[in-house]
Each structure stands twice: as structure tokens, then as C-alpha cells.
Amino acid sequence: MDAITIAVQLLNGVQYGLVLFLVASGLTLVFGILGVINLAHGAFYMLGAYLAWWIASYTGSFALALLGALSISFVLGLLLEEVFVKRMIGRDHLAQVLLSFGLILVIDEARQILFGKDVHSVTPPEWLNGSIQLTAILSYPVYRLALCLVCILLAALIFYVIQRTRLGMIIRAGAENRNMTRALGIPFDTVNRFVFAGGIALAALGGMLVAPISTVFPGMGDGMLILSFVVVVLGGIGSVTGAALGALMIGLTDTFGKVFFPQVSSILIYVLMAGVLLWRPNGLMGKAP
Amino acid sequence: MSEIMLSAKGLQRRFGGLKAVSDVSLDIFQNEIHAVIGPNGAGKSTLINLLSGDIPVSGGKVLLGARDITDLAPNTRAMAGVGRSYQKTTIFMDSTVFENVRLAAQAHSGHALRMLGHVRNDTAANASTQAAISETGLTERSGTIARFMSHGEQRQLEIAMVLATNPRVILLDEPLAGMGQAEALRMIALIRALKQGRGVLLVEHDMDAVFALADRLTVMADGQVIASGSPDHVRNHPAVRTAYLGEHEVAA
Amino acid sequence: MNRSLTQPTNLALGLVLILLIALPFFAPNYYVQFASKAMLMGMLALSLNLVVGFGGLVSLCHAAFFGLAGYMLGFQSPESAGASLWLSLPVALLVVAAVAAVIGTLSLRTRGIYFIMVTLAFGEMLFYFFHDTKIGGGSDGLYIYFKPEIALFGQTLIDLDNSRSFYLLVLASLVMTAGLIRGLVNSPFGHALQAARDNERRALSLGFPVFRLRLMAFILSAMIAGLAGYFSAAQFGFVAPQMLGWHLSATVLVMVVLGGMSSILGPIVGAFALIGLEEVLKSAFEHWKLIKGLIIIALVFALPGGLQQLTRLVLPKSEGPHTGKDSDNQPVEADHAANLGSLSDPMTGLIQPPMTSANAKGLQHV
């Protein structure tokens, strides 16, 4: 295999990892801040993709689709937090699992009613629809490069918010000690609501951004949920840095696994997870409980 | 001098950059109560957790008799003869006194994980359960669900559970915390009886109780031992008076 | 008073059992098959409750054990005849036990949310293993053309092609499984397992090897799930990756909670209730899954203790299913015992209602 092919696969792996990070960071933040396990995270990834397809098919504009789908997901997140998730804080994980499983069924069926179960594709905007010629026979789609760029910018934004802003400070303090922040008079309920809605929005955004390079199909959320879980297990609950690390590891393992070990590629990431569990059961960046 | 039951050799424990326990050595002798005192945050509870194995050490050794138990998990240490109580009462609230103590006895009855047969048919466990309950004076309360007992009785129950594990060394983490005067007096008598044939480590804030019970005293501050010896020796130790006993008067 | 309140329960149980035995002799075949399916789901729910209810470990990979055993039957079934049950069942259960030992060893290094995620991930690993490789026919699955044979010296003992015989064998297995779990829960092992659930640190400091204890429970429960999966594959003559998917694990979890985690037979009731409900919804609504989802959400908020909670609301307190035993001399405690099943109270009791302090009182006379 020549250097160019490896470079292209590397790029694919990093790009896959970046999308994974986007989705998984939402999941890990909701775990870390609210202490709530949300199995419906993948369902929102799926919903985001369908919303983007739906809006794009009506308006013809990818930008409008992104904006619209993102707003709808965020508002949906706020609503769900207010109606259900708020009551889940402090309840045992079993109740949280059941609630989010119920939500998955509802979201899946709502998608069925609203959008059907067909497989769709989304066209990226015209100016991103080309390819860059790498060699005589190899080219790389511009949209994938743009996707990488957008993901990197978003990742930078997430890190900036967490490390540098007042909201981020509250989030970090809250992850450390929920009761203390509450005692200090920090409006933790509001923070919770926005973290949850933000997490949902990140999942949905992942689905929207991926829509032009893969297909939009009903089962896409399940696969993403499992991958996000593996990312969070690798990185450690609540750690955004860990999520970034885990996501890139998974992205590269999966991409190169498909190239070098096509027979067992779907198992490789679990082997990776098993290895990390043996070595650091609380994840690479996780703290001992 | 009687036999050393448990000893700590240069124990260390860091939490991140914080040295919770640094270079602590002490011995617990048979038939003696060794009390550890010190202001809040001195590292007393961490010391107990290091001795019981609840927290792994960052350095140093724990010896049970001549056996190095530093790397043993808490359950293995318990099987080897280290029993402990917790600062916050940890009993099974929805079970009766008898069930609580039987559980402790079961762990040491030789078939702790047997899958056949009803748990109540374990005669060996039942016998040591009865013995531990009567030793702690809870015979009358045997059928009572733990949740419905007074705080003092719950702590007595915890001691009974420790006793049922047939320990050689007992580590007590503030057994008198939150007790009324009458309850405390009963507990003090109970603790005094515990040392027969065993070694007892007592971490306690109640100075009257400590001086009434201790055969040997170690004073800790900032994770270190600042004085150790007989109660009289410690009482008159100048560093202790300034560092600790003074503060105690204010706190009381 | 003690007797008068436990006897009706036993009587009711006996009546239900007689009814179940008689069912295939008067009910149409459709219902017999439906009941077989529900009982197998009940068995799966029983197995899950051993780790979830009594072990406090929320596992989301039990469907994988269920499906794995099904695949094992598929692999061992020749195309032109049935596999011998004497051989294929032990092989299937041993493979499941081995896989559960590996998954359990890794997963049990974690706690809480981690454990849920890790078990789900490993379960999905098995799903993708069968989905993406050709070993088990890929996403199409595998047909089992003939049911396993139960024969001795060439003589067929039970003909599983007869849906009545199949039903009765499944019923017998279910009763045995329930008996096994009941025995386990009351055994020293069961008490240690529940102690570790209620307070892991305490259980350790008493000397219980909590990790080994949980691993044993995990493997045992996986094998029971495998037993259900083996029969399930035999019943439908077909295995597909969906059998291993986590949606089934989650559905079984719903059955466990619906039936009540604190009781031994609750999960079976939950399985019958949920499968029955699904059947009704399917026939009445096109978008029945939406309603199923809403019902699950409602269950979480309104009935965290499951259907048992409902019976307590309907029946007067002293006649609740588990309150009777203690109510003669310890009304407060009995009342408390009645609430033990509540999900909202994570510190549910060490000793479950059917065997509260009555046992200990008996023991004082020993």
C-alpha cells in the first residue's frame, strides 16, 4: 500500500473520529454533569439526519437544513429536560435506562410517522460538492475536508467553553461536586437544562453533518450510540479530553481495521475497549470513583 | 510485652498532590487498645482505610503478625483477621439484627458462597451469630430490623458484625460519634471488652473516652505522627498540647 | 395469621400452575405457542433479575447470551435431522458460560453507568459478530429445520415437534428455573450477592469476595438466558442477529421492572404482561411501538415498583402480597417491607419481602 492511500485512510479515520467526538462529547457531558445515562442519544443523531434531509428536500438549502434541524433538536432537548430528564436526576440508573429506552421507541416511531422508513441521501451545497485530485486515480471529496474543519472548529469551541468561560467553570465544578455548586447558589437547574439540550444538539448535529457523506437510514442511531458508549468508556465519563482521545482511537482503529483486517474489523474496537478496561477500568482520563 | 497483632511501617498515601498520610508507623498489640487522635484532616480515617485495605497505599507496609498484607484486597484482609467499623454506620438497614450478624458470620463460616441450602441452615454461622450478638448485648433485639433501632444500638450492631467475623484486630473509626451520654457509656464498656485476646485500633474524637480506654496513644497532625506512647506520656507532650489538645478544648 | 395469609398465595400459585399445565389440552394451538414464547421470555427475565434485582447490576447484554445459545443450536443442527438435545444443550450452555466469563470479568471491573455501557457494548459486539461475518449466515440468520431430539437408546422420549410437548417441556424448565433462583436467593450465595448490592464496601470488609460472587451470578444468569434462547431458537426454527440485539435486552429489563424486581416470580408476570400488551397493541394500532414507548415512560414515573405496586394500591395494605408475614406483631416493619420494591429507593432491603424477619424469628429458637 502506497503512502497516498495510507494518507487518505488516515484522513478518513481522523474525520470519522472527529464526528464521533462531536456526538460522544454530548453524551459524556450529560453523564458528567447531570449524572444521567441517555440511551436515546443515538436516536437524536438519527433524528438530526432525518430533519436535515427533510428540511433540505423542501428548501433545497443545506445551510437552512442545518440551522433548522439544529434549532429543532435544541428546543426538543430543552423540552425533554423540563418534562422528563429533570425528574431523573438522582434516580437510579435503571430508571434512566428505561426512560431513555422508552424515548427511543417513541422517537423511532415518530420518525416513521413523519418521515417514513426510507433510506435517503442529502446533497451537500454546490460549492462543497467537488473533489480534490490527489493522484491520477485518487481524489478526495471537498465536503469531507470541510467536515473535518467544521468538527475541529466545534471541538475548539467546546474546549473553549469548558476551559475559559464562566459556564464552563460551573460545568467543571458541577462535575466535581454537584451539591457544592448548588450550595454556592449557582443556578444548576438552568445549567443542566442547557447542557442536556446542548448534548442532544451535538448528537443531532453529528447526524446532519454526516448525512451528505453517508445515507440517512432508520438504524443509524443504534450504531452511533454503541460507538459513543465505547468512546466514553475509553475516555472516561465526563472527560471531554478523554472523549476526543477515545474518538480518534476508534476512528483510526475502525478505518485501518477495515483496510488491514476486513474479516474482524467490526470486533476490533471492542478488543480495544477490553484492553483499556483491563488497563484502566475508569477510562484513560477518568478518575477513580 | 504482648504480641504485636498489626503494624504499619512507614505508610504513605497521596491524593493527587495532597499527602493525606505520610510515613506513619505504629503497632497494635494484643489485649491493648491503641487510640489514634488528632484534629480533623489529620489523616486518621485514611490510616484506617489503609490498614483495612479500603484504599491502596502509596508506600509503606502493613503487617498482620509477621504476614505482609499490604497488597491484599479488603475482603482477603477481613478473612485474614482484620475487622473494621465505619465512621458512618454501615449496616444493612432493612435486615434484622440477626440477619446482619449472620451475614458477617457466613463470610467466615467456610461456605460463604454456597449455592445449595437455605442460609438459615448454616449451623456454624448461626452459632457464631448468637455468640457475637450476646457479646454485644443485643440478644433482646435479635429480631428487630436495624432501621428501627436507635443510633447507639445500630453502632452496637456494627460491632457485633465485626465480632462475628472472628477478627484478630479490630479497627474502630469513631465508634462514639453522634451518641448520647448513656449510649456512649455502654459503648465504652463494650469497646473495653473487645481487646480481650485481640488488638484494637480506636480513632475517636471524644477525649474522655480515649483516655478512659487507651493503653497506647498516637497523635497525628497533617498526616504525620507527632507523638506516640502511653496516655500519660502523650498528655504531657508539649507538641501535642499546642497542636492538638488546645484545639480540642476550644472545639468542646 | 401467618398461615392464613401465606396459604392463599400458595393456593393461587398452585392453581395458576394447574391452569398452565392444562392449557395445551384445551387452548388452540396459537395460544399454546404464544404461551411458550411468553414463558421463554419469562425465563430470560428471571435470569436477568438475578443480576439486576438481586445483584444490583444493570446488564444490557443478556439478549446476546440468549441469542448466542440459539446460534449454538443452529450450528449443531444438521440440515436433515434434529440435533440431540443431550449434546447440543450442554454445548450451547458451556459456550455461553465461557463467553459470559470473559465479558463478566471485563465488565465487572466497572460500576454503575460504566457497567451498563460496557455490557451493552460487548452485547453489540456479539451482535455485529454474527451480523457482519458469514459464520451464522450474516444478517439473514440461520434456519434450524428440525427441532432438537430428546431420545434414549434410539427411542424418542419427547417429541418437540408436537407443540403441546414443547410447551410442557418449556413449562417444566421454567418451573425448575424459578425454583433454582428461589433456592439461590435464599442460599448463602444469594444473601452475599444481595449484601454486595446493598453495600459493596461493607460486604468486602466482612470478607466476601464481591468480584467472584458477582461473576458467578453473572455466568449463572447468562446460562439461564442461554437456556431460554436455546428453546426459543428451537421453537421458531430460526436465529437471526436481532435475537442478540440490545433492544431485546432493554425490553426484558422492562419486563423485570414491570413484574417487580424484589420478587422471584415477578419477572415472569412482567414478561406475560408486556408480551400480552404488545400483542394487543399490535392488533389495534399501526404505530404500536409509539404507545409501547409511552407506556414504558409512564411505568418509570408512575409505577417504579412495577405491577406489584399496583396490587398494593388496589388491595388493602394488610392483604398486600408480601406484607402479611410480619403484620401480626410488627406493623411498622411490615409496612416498610411493602415498599421495598420501590425503584426510587436505591437502597432496597438486603432481605426481600418473602423472607423478612420471620426467618430470623424462627431462628432464635434454634
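By written order: A, B and C. Residues from 1 in each chain.
Everything below uses one rule, namely that contacts are C-beta pairs under 8 Å (C-beta built on N, C-alpha and C of every residue); 3 or more make two chains touch, one makes a residue touch a chain.
Since the model is a prediction, treat every value here as computed from it, not as a measurement.
Novice: For subunit A and subunit B, what is the smallest step count along a path of chains that touch one another?
Specialist: Minimum number of steps from subunit A to subunit B: 2.
Novice: Compute per-chain Cα centres, compare each with the mean of all protein Cα atoms, and return the closest chain.
Specialist: Taking the mean of C-alpha atoms per chain, the most central one is C.
Novice: Farthest chain from subunit C, going by mean C-alpha coordinates, please.
Specialist: B
Novice: Report the inter-chain centroid distance for subunit A and subunit B in whole angstrom, where each centroid is the mean of the CA atoms.
Specialist: 48
Novice: So the centre of each chain is just the mean of its C-alpha atoms; given that, what is the distance between subunit A and subunit C in Å?
Specialist: That gives a centre separation of 33 Å.
Novice: Go ahead and note the Å separation of the Cα centroids belonging to subunit B and subunit C.
Specialist: 41
Novice: In their shared complex, at which residues does subunit A touch subunit C?
Specialist: Contacts found on subunit A: 31, 37, 39, 84, 87, 91-95, 97-99, 101-106, 108-110, 112-113, 222, 226, 229-230, 232-233, 237, 263, 265-267, 270, 273-274, 277-278, 281-283, 289.
Novice: Over in the complex, which subunit B residues touch subunit C? Could you list them?
Specialist: The contact residues of subunit B facing subunit C are 52, 54, 73-76, 78-79, 83-84, 86, 90-100, 102-104, 106-109, 111-120, 122-123, 125-126, 142-145, 147-148, 161, 165.
Novice: Which subunit C residues qualify as touching subunit A in the complex?
Specialist: Contacts found on subunit C: 52, 58, 60, 106-107, 109-114, 116-118, 120-122, 124-125, 128-129, 131-133, 246-247, 250-251, 253-254, 257, 287, 289-290, 292-297, 299-301, 304, 343-344, 346.
Novice: Taking the touch rule as given, give the residues of subunit C at its contact with subunit B in the complex, in rising order.
Specialist: 183-184, 186-192, 195, 198-199, 201-210, 212-213, 216, 330, 332-333, 336-337, 340, 347-351, 356-357, 359-364, 366
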